[in-house]
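Given below, in the form of structure tokens, are the structures.
Okay, so chain A shows up in both of these, paired with chain B first and chain C after.
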Partner chain A sequence: MMIEIKDYSLWAGGKKVLDGINLSVREGEFLAITGPTGSGKTELCYSIIGIYPNMLPCRQKGKIKVCGMDATKAKPAELAMHVAYVFQNPISQLTGYGMSVEEEVAFGLENRGVEREEMKERVERVLKTLGLWEVRKNSPFELSGGQQQKVALASVLVLEPKVLILDEPTGHLDSYGTRMVLETVDKLREEHNITTIFVSHKFKEMVKRAERVVVMLDGRIIREGKTRDVLSDAEFLRKNGMIPLPITELSEKLREEKRWKGRNAVDVEGFVARWRERR
Partner chain B sequence: MAVFASFVEKETVIHRTHPAVKIVWLFFAFVLFFVSKTPFVPLVFFLFVVVFAFAGKVAGIFLKSLLIFILPIGISLLIMHAYFAPLGGEETVEFFGVKFYVQGIEFSFLMLSKICALVSSFFLFIFTTNPAKLSSAFARFGMPYKLGFFLNAGLQIIPLMYIKANKVLEAQMARGLKVKGSLVDRFRAYIPLLGPVIIGSVVETFERAIALEVRGLSIEGKKTHYYVVELGMADKALFILSVLLNAGLVVMAL
Partner chain C sequence: MIEVKNLTHVYENGVVAVKDVSLRIERNEVVGIIGQNGSGKTTLVKHFNALLKPTKGKVMVNGIDVSEKEPYEMASLVGYIFQNPDEQIFSKTIEEEVEFGVRQIGKGDSEWALKTMGLWGVRKKNPYDFSYNTRKIIGITSIIAMRPEVIIFDEPTTGQDPGGILQVEGLIKEMKGKHTIIVISHDIEFIARNCERVILMDGGKKIFDGKTRDVFYDDIERYGLEPPQIVQLSKRMGLGKILTVEEVYEKLMKRKLKKSINKVHKLF
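Take a look at the complex of A and B:
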């Protein structure tokens, strides 16, 4: 297992923010974590990468093992050797250290003491993979939101992590930027088989990517299962403050009107194919 | 796009010159600020820096930034000392019926010449020195990596705030904020921007601190640099020449 969390609880800011979390993520898996705002998704991510307790005061109970390391004790810099973290706002992830995209991407390698020749090779490789080679000399602050998020991705991928945590990576982006980032995530998954934890409110982004979905509410995992099973359960989602996908609501409505016999749909293509099949 | 108070990428001899040479000029600008008794020497120093700015192909942004910075200081200095005359003085001159003190005018020009020398050398340094190369140069002189990083990050604060302010300004304009009109109107329009810029920057600081941690800033052990900045023979010669020239200027200024 790449990540193993056992009976983990976290108290921060005078209240319990995570309560008895049990979760395992296997190598190469693409796991989605969802839930309403304030449900503890980001706190769980911060615990995995060691921000709790190293950068934020807290009390912890239970165990988190990340690539064999005890994340409740290790420093973020040590965990960063294995786990990469990308968050919502692309601007705040740019360190501003380098005046160009390539310098920004090289920053993590400098910290690890990677030799210059190898550093150049790795920076070039990751920039080409993410389609940023043409803008390598530009200031990251001049790029679009989507491109900035790609620079943030490149900056952590150049470190060749085993686990990639994407905490609402498209939250600040328009539809073009969102597509740009998701296509990059798909490409990485195909080419590198990185274990990925994808935190998002946007069910549409999870449907074709995640094998498993974890739903959080009030600091607890309230459901865990196959993406299709969880996201098609419109009643469960609504009951817990989430809005099902439009296609799920449509298929649900059609079933109520006895015009659809299958289970709730989660993707348009699948629904249309099954609709045609039945007619 | 050139950003206010930020490095401008160009292929010129000034850009290629080792940061240590530029630091010499910055250092002597400080020395002149404190020791010069005449405006002549700081003005000569300033002219040198202007020539370097043209040689570095950053004259446009350099002069614009200088004007933005110097003009309000210059005007207030002149009004304060030439009109209100806190230093006193007997001799006066009249312009359009308004009495000005000669001693105050002289003092204003002396201060302005010193400020010009200091600010211009700072802008030249910022516009022509790649921060990543600066860190590498610091490291070569034995400066700890983290200290070099924080000095570098300090230099980036103004450009980052400028970018953020522009984004907030665009957002506010989209919501109907008028930023055109008289100087007073413009000033009034910029006041609501201060809150979002300052608060936004504080919020981003925490996320940036996480970004630095997950990219291993605190990892102990050997650090390397993307660039290798060597102090070559030409740089050494320029360094010595700069020291001698500036030392001569300081002697003249005493």
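Take a look at the complex of A and C:
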């Protein structure tokens, strides 16, 4: 397992924010985590990358093993060699006002002492893939929110991490930008077998690529399962403050009139196939 | 009423963000503005409250030439809710933040706004003690407290959880018919649920402007946008220009009924 969490609880800011978390993520898996604000998603991710306890005061109980390291004891620099994190707000990630997009993306590689030629080649590849090549000489702070998010993503993807944690990485992006960013992640994931944790409320994107979904509420995992099983359960989602996909609501409405059997649909293709099949 | 005539905006670095856009938004309309990052949506609406001045063209709000005004002079008429609440919030308590604008323009109702947005109980607390989502709600509250005739929501669902999205939707529903509401959003499903009219921008130009169902059934994919799930379904199944779950449901049930009637007819 790339990530193994056993009976993990976290106390921070004077309260218990994570309660008895058990979760395993295998190498190369794309796992989605969802749940309302304050449910503990970010705290769990911060624990995996060692922000807790290295940068934020806390008390921990239980175990978190990431790439064979004990994340509750490892130094942030050790974890950072293998685990990359893309923050919700790209500004949190950008290094400095004096840097260009190109320098920003090269920063992590420079710190790791990567050879100049290799660095140039890796930076160019990621900038071109993410459509940032044309703005490589600009300051990231001159760019739109969506483009800043792409710069933040480029600066971690260039490091080719083993584990990639995306904390609502597409929140500032339009559907084209979202697709481009996630397709880039898919490509790099395939090439390097990167284990990905995708924290999001975007169910449509989860359906397309996540094998499993974890739902959190009040610091606990309240559901874990195959993406289509969890996201088709409209009643469960609504009960826990989430909005089911329109296609899911439609299937459920048809079921009330005995026009739909079995699991609700979560995507257009699934709906059309099932609707035609039942005729 | 907002009237934009041949508006062009060129930033200091030479970027032409809005190119010769003309449009008219009537009083109490709910209009969505969609388009890719950098398509000129935010630049366009920042002319409605004098945050930006036109390079060419004119913007009139209720007959007032906005280019002759300063943002504080437009605040009672046009409220702009920033995408990032931290660009807007500066007070030590939520109450002070919400009351600031009301005091400045001498009209509004901060108590109503705080209660409507569920912040009354925490009004004495510091906005930065709360999550980004809540700060976004605080940003919205401080603008609606001033009761401006026109309210502009810039990406209201970005960084919001479903609870926050439903809260903003509830607010828009409550304000419909009483305010002109302009929503800039990448969240196509949100636009489909809440806006009667949609303007699509691309490369600084207005590409489509019409009823939401007409725009979403046009070729918006060409401009990098994914149509709402229900529109995709309807296109696949040939159900016509429908937008909501209820409309698809009715269509499918009617089809079923029609088939049953046909079967009965065949028997005779």
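A few points about this structure:
Basically, the second predicted complex is superposed on the first by the 258 of 279 C-alpha atoms of A that agree within 3 Å, B and C clash if a C-alpha of one lies under 4 Å from a C-alpha of the other, contacts with A are read in each partner's own complex, and residues count from 1 in each chain.
By our rule, contacts are C-beta pairs under 8 Å (C-beta built on N, C-alpha and C of every residue); 3 or more make two chains touch, one makes a residue touch a chain.
Just so it is clear, the structure is predicted and the values come from calculations on it, not from any experiment.
Of the two partner chains placed by the overlay, chain B and chain C both lie in contact with A:142. Looking at the shared chain after the overlay, A:33 reaches neither chain B nor chain C. Within the superposed three-chain model, A:103 lies in touch with chain B and out of touch with chain C [touch as defined at top]. Once chain A of one complex is fitted onto chain A of the other, the partner contacts of A:112 are limited to chain B, with no touch recorded for chain C. In the superposed model, A:254 lies in contact with chain C only, and not with chain B.
When both complexes are overlaid on chain A, the residue A:155 reaches chain B alone and has no touch with chain C.
Looking at the shared chain after the overlay, A:95 reaches chain B, while chain C stays out of its contact range. With both structures placed on the common chain, the touch criterion links A:17 to neither chain B nor chain C. Counted by residues of chain A touched, the larger count belongs to B, out of chain B and chain C. Residues 89, 142 of chain A contact both chain B in one complex and chain C in the other. Chain A meets chain C in the complex at residues 36-38, 88-89, 142, 144-147, 168, 171-179, 201, 204, 241-243, 245-247, 249-250, 253-254, 257, 259, 267-268, 271-272, 275. The touching residues of chain B, when paired with chain A in their complex, are 1, 3, 6-7, 9, 130-132, 135, 145, 149, 152-153, 156, 159-160, 163-164, 203-204, 207-219, 221-226, 228.
Residue ranges on chain C touching chain A, taken from their complex, read 13, 35-38, 83-84, 131-134, 155, 158-166, 186, 188-189, 224-226, 228-230, 232-233, 236-237, 244-246, 248-249, 252-253, 256.
Across the complex, chain A meets chain B through its residues 49, 51, 54-55, 75-81, 83-85, 87, 89, 91-100, 102-103, 106-116, 119-120, 123, 137, 139, 141-142, 152, 155-156, 159.
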